[in-house]
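Look for chain A in each of the two complexes below; its partner is chain B in the first and chain C in the second.
Coming up: the complex of A and B.
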């Protein structure tokens, strides 16, 4: 059988998505048999050179000229490009202030005004620069999702994309509804499921780490939260944690 | 004629980095260490956020050590707001730290360092040439990860440890299962030191100036930073003693402690105070003392192997204690906002980590400061790279670059962490 030629790497991120692959301890030996990890700097020595790939799995947002250079190289060298994780898909935590603060102010508050600032721009998703063929969401992504992706790629296909909110799994687990029954700022109704509602299952609100579900009724969520006494500022701040831009008027 | 040798990208470590060796003929002029991760500016992003949001956001600094970032952030926020937590909460957080240590050391030793010892490119070839060793390492890693998954509610960026307490109380059955799974890998954790006890045959490197938290046996209550020259200072005063400067070629700031390049991490911890080690690890340490005492960073892999054993034993003891206490559902202490500053330090797998936050009367963050182990180690690493490159003048370039990369891996750097620097 022809082995799948893979590149797995990260741009502006915490390496958590790549680590998620290494966290599949049971599946890893078999994955390593089925794939050729040509470029995976987190766990393999070697450089990009003239290699070509069946798929490049890329974590992180784009926020520097170097990120962009690597992204273009991978797009050109790979048949498929997978946006891996919330930063690659929506910008992620590093992008949370994109709409509210100027990049230069953020940089200066960390590096000072007298110093040369690193060359960077507000973090944005991969899709702003290149075409993306498949996605895995989550901060961090679920281990089963990366296994399913690699397995599907090896079989010459792509895994199905779920399109139900966190609430679907949360209700089927019979958790107490933190939004309706406890009046907490839970983002479950508008956020992509697939995590088996792991946060609400521990009694902690959905913080929205998997980004918007398809056809999210954002306006209704906003109304529900405003009715419960949360301020518009606080709601927008919480919604922006993993994705800076939402259409607050969207009713699916 | 002058020439530059570049090692880019640095591999089998977290983040983006590169090294440049500037040579005049075969003489090494200087070595530059570049940390190229894009700065994510967490300290600036946290300003204006509520105290309750801080730990959830800031743990995203790093995935490998998200547990210790989260715990340290919780402690710092609780310090600022004057929140006390229960015994079960403290024991659970301690357990999470040990599990984080187990999985992180196992990842570093078995997936990132072991290929160097066996002369292969990485984890894929490892699966071919030493499948059993890889499986052993992955089994240890998995036992740590299962604790993070079950107790933390999520493997990376844990959710179940929260301000004032726990989200969900753990059931006895779950704790017993975790203990039994972890007990199965104890023999492997006890044997790991054999693999990693031979340091790479490099020319000698400068003797490090270690720094670590005290007391070593209380990972959640350590208040003092001690250096190998005997000097010490309270964590609270860290800003007076740790000086940070911006260096042009790196996106991480360079930290100096008392004007010196400090070395943090497993080797520093064992050198400064090994009295907190659990029995099995203490015996290992006694047997290897001469290979660790006062040694340079090449000894860090062995030190990590001993700590992996220690963390396994400690986690087993904590699990036993939690099982004994029984599952009890207790309401988390509800913090109320107040103006103030809080500070906490922890020992991350790679060394000393400090978080500090200030809040106004409404609990809105007005100042955030994170000092990471890799930022602390950066100066010592750059110094050692230069010493090693000089020590290998005249040798084949590929031998030198291989040695430099191996040395960097001994430091187990986490570059995405290091590029989050304090606000001025």
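Coming up: the complex of A and C.
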């Protein structure tokens, strides 16, 4: 069987998504049988030059000229580009202050005012610069999702993409509804499910780490939260934790 | 006179007898305070005073997610049904009618293999209930769609058998039963919300627009509905070169429900609400003319935006100029 030629790497990110893949210990031997990991710097050194890939799985947001250079290289060298994780899809935690703070202030708070500041710009999703063929959401993504993606790629296809909010799995698990019963700031109704309502199952509200579900009724969620006494600022702050820009008037 | 009365003081012994017929599950309350059907390890956990569980007993017959087909290179096998002898104790009439409806869907010709395997090993013991504000029941019901029904009466329960298995339970528990007070008059059995005219789904009722704008498509109404059975089937390639085909509950208010390659039969939420109304209250072929609302009140209780589709059947009051 011809092995799938893969690149797996990250841009501005915490490497948590790539670690998720390395954590699939049970599946790794089979994965290596089906795939040739040509470029996966987190796991082993490798060379990008002259290489070509069936797919590049890319974590992180684009925030530096180096990110951009790597992203273009991968896009040009790969048949398919997979945005891997919330940062790659929506900007993620690195982008949460995009609408709140000036870039230079953020840089100075980290590197101080006396030094030369590194060259960077507000973090944005891969899709702002290149075409993206497939996505895996989550911060970090579910292990089953990355395994399903690699298995599907190796089979010459893409995995099916179910689309329902966190509430669906949450109710099915017979969790207590934190929004309705506890009046908490839960984003379940507008956030993409597939995590099996991990957080609400332990009594923690959905923080929205998987980004918006398709046709999210954002305006109604906003109303529900305002009715429960949360301030507009607090709500927007929470919603932008994993995706800086929401259309708060969107109903479909 | 036959012995058909179970004194409340004998209930725990009766539950032990039920264990002879399978793993005993009954209404209990979770740590976070959610009523649910769960294994009854300790009879003290039984909560017969419950109004409704968050998820109806359909979860035992049609699991939220199950593998229905698995193929490896060159061969395939059907998913494992997980069927085992199970006794569900303390099911209310609405939920019994819900299962009766699912039976019509999944046990009709070309019976669903997983459903029928699980159904054939399920013993249903119903119990009478006290409606609350969410219940849609027009009057007290006593469903006959079970093996055995316990109607609360004074110091205990009147037992009514509705199947051979129900009679087997009663004879196994014979030593616990006695002659009771005279039977109350029979109550009605069946679905409770009458079938509606399919044309109503095209009505110009102002609530349609209101519901379409407030519905968040969270899926709670159908996840928690005892008769919603729509499912999605998806196939995932596996690393070993085969594939796993899974079936998972779906909801008609999801954007993907009416989506086909290149188009969507129900592109916006209003279309999806009209479709839900049609299926729930009017029925499709071959169940056309049958309302599948059994009156449990779950959809009304769990909806974050208080949508109650039954309101669409009431002509709106004209506002006086």
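In the analysis below, the second predicted complex is superposed on the first by the 252 of 252 C-alpha atoms of A that agree within 3 Å, B and C clash if a C-alpha of one lies under 4 Å from a C-alpha of the other, contacts with A are read in each partner's own complex, and residues count from 1 in each chain.
Everything that follows uses one rule, which is that a residue touches a chain if its C-beta (ideal position, glycine included) is under 8 Å from a C-beta of that chain, and two chains touch if they have at least 3 such contacts.
Quick caveat, the model's predicted, so the values are computed rather than measured.
Chemist: Between chain B and chain C, positioned on chain A by superposition, is the outcome a clash or a fit?
Modeler: Here chain B and chain C can both sit on chain A without a clash.
Chemist: After superposition on the shared chain, which partner residues are touched by A:152: those of chain B (first), chain C (second), both, or neither?
Modeler: second
Chemist: So, does A:179 touch the first partner chain B, the second partner chain C, both, or neither?
Modeler: second
Chemist: Which angle, to the nearest 10 degrees, do you get at the Cα centre of chain A between the Cα centres of chain B and chain C?
Modeler: Roughly 110 degrees separate the directions to chain B and chain C.
Chemist: Which of the two partners, first being chain B and second being chain C, lies in contact with A:19: first, second, both, or neither?
Modeler: The first partner, chain B, only.
Chemist: Please determine whether it is chain B or chain C that touches the greater number of chain A residues.
Modeler: Comparing touch counts on chain A for chain B and chain C gives B.
Chemist: Look at A:189 in the shared chain and tell me whether it touches chain B only, chain C only, both, or neither; answer first, second, both or neither.
Modeler: The answer is second: A:189 touches chain C but not chain B.
Chemist: Looking at the overlay, what does A:248 touch: chain B (first), chain C (second), both, or neither?
Modeler: After superposition on chain A, A:248 lies in contact with neither partner.
Chemist: According to the stated criteria, A:203 is in contact with first (chain B), second (chain C), both, or neither; which is it?
Modeler: both
Chemist: For A:72, using the defined touch cut-off, is the partner it touches chain B, chain C, both, or neither? Pick first, second, both or neither.
Modeler: neither
Chemist: Quick one: minimum Cα-Cα distance, chain B versus chain C, in the superposed arrangement, integer Å.
Modeler: Least C-alpha distance after superposition: 8 Å.
Chemist: Please identify the positions on chain A that touch both chain B and chain C, taking each partner from its own complex.
Modeler: 33, 203
Chemist: Under the touch definition given earlier, write down the residues of chain A that touch chain C in their complex.
Modeler: The touching residues are 1, 27, 30-31, 33-34, 147-148, 150-152, 154-155, 157, 159-160, 162-165, 167-169, 171-172, 174-177, 179-181, 188-190, 203, 213-217, 220-221, 224, 251-252.
Chemist: Spell out the residues on chain C that touch chain A in their complex, using ranges where they run on.
Modeler: Residues of chain C touching chain A: 30, 32-34, 36, 53-55, 59, 64, 213-220, 223-224, 232, 234-241, 243, 248-249, 251, 254-256, 268-269, 302, 304-305.
Chemist: Which stretch or stretches of chain B touch chain A in the complex?
Modeler: Within the complex, chain B touches chain A at residues 8-16, 36-45, 47-50, 53, 56-57, 60-64, 66, 107, 111-112, 115, 121-124, 127, 131, 134-135, 138-139, 141-142, 145, 153-157, 159-160, 162, 167-168, 246, 248, 251, 405, 416, 421-424.
Chemist: Across the complex, what residues on chain A touch chain B?
Modeler: Residues 10-17, 19-20, 22-23, 25-26, 28-29, 32-33, 36-37, 40-47, 63-64, 66-67, 92-94, 96-97, 101, 105-107, 109-112, 115-116, 118, 120, 123, 139-140, 143, 198-199, 201-204, 207, 209, 234, 237-238, 241 of chain A touch chain B in their complex.
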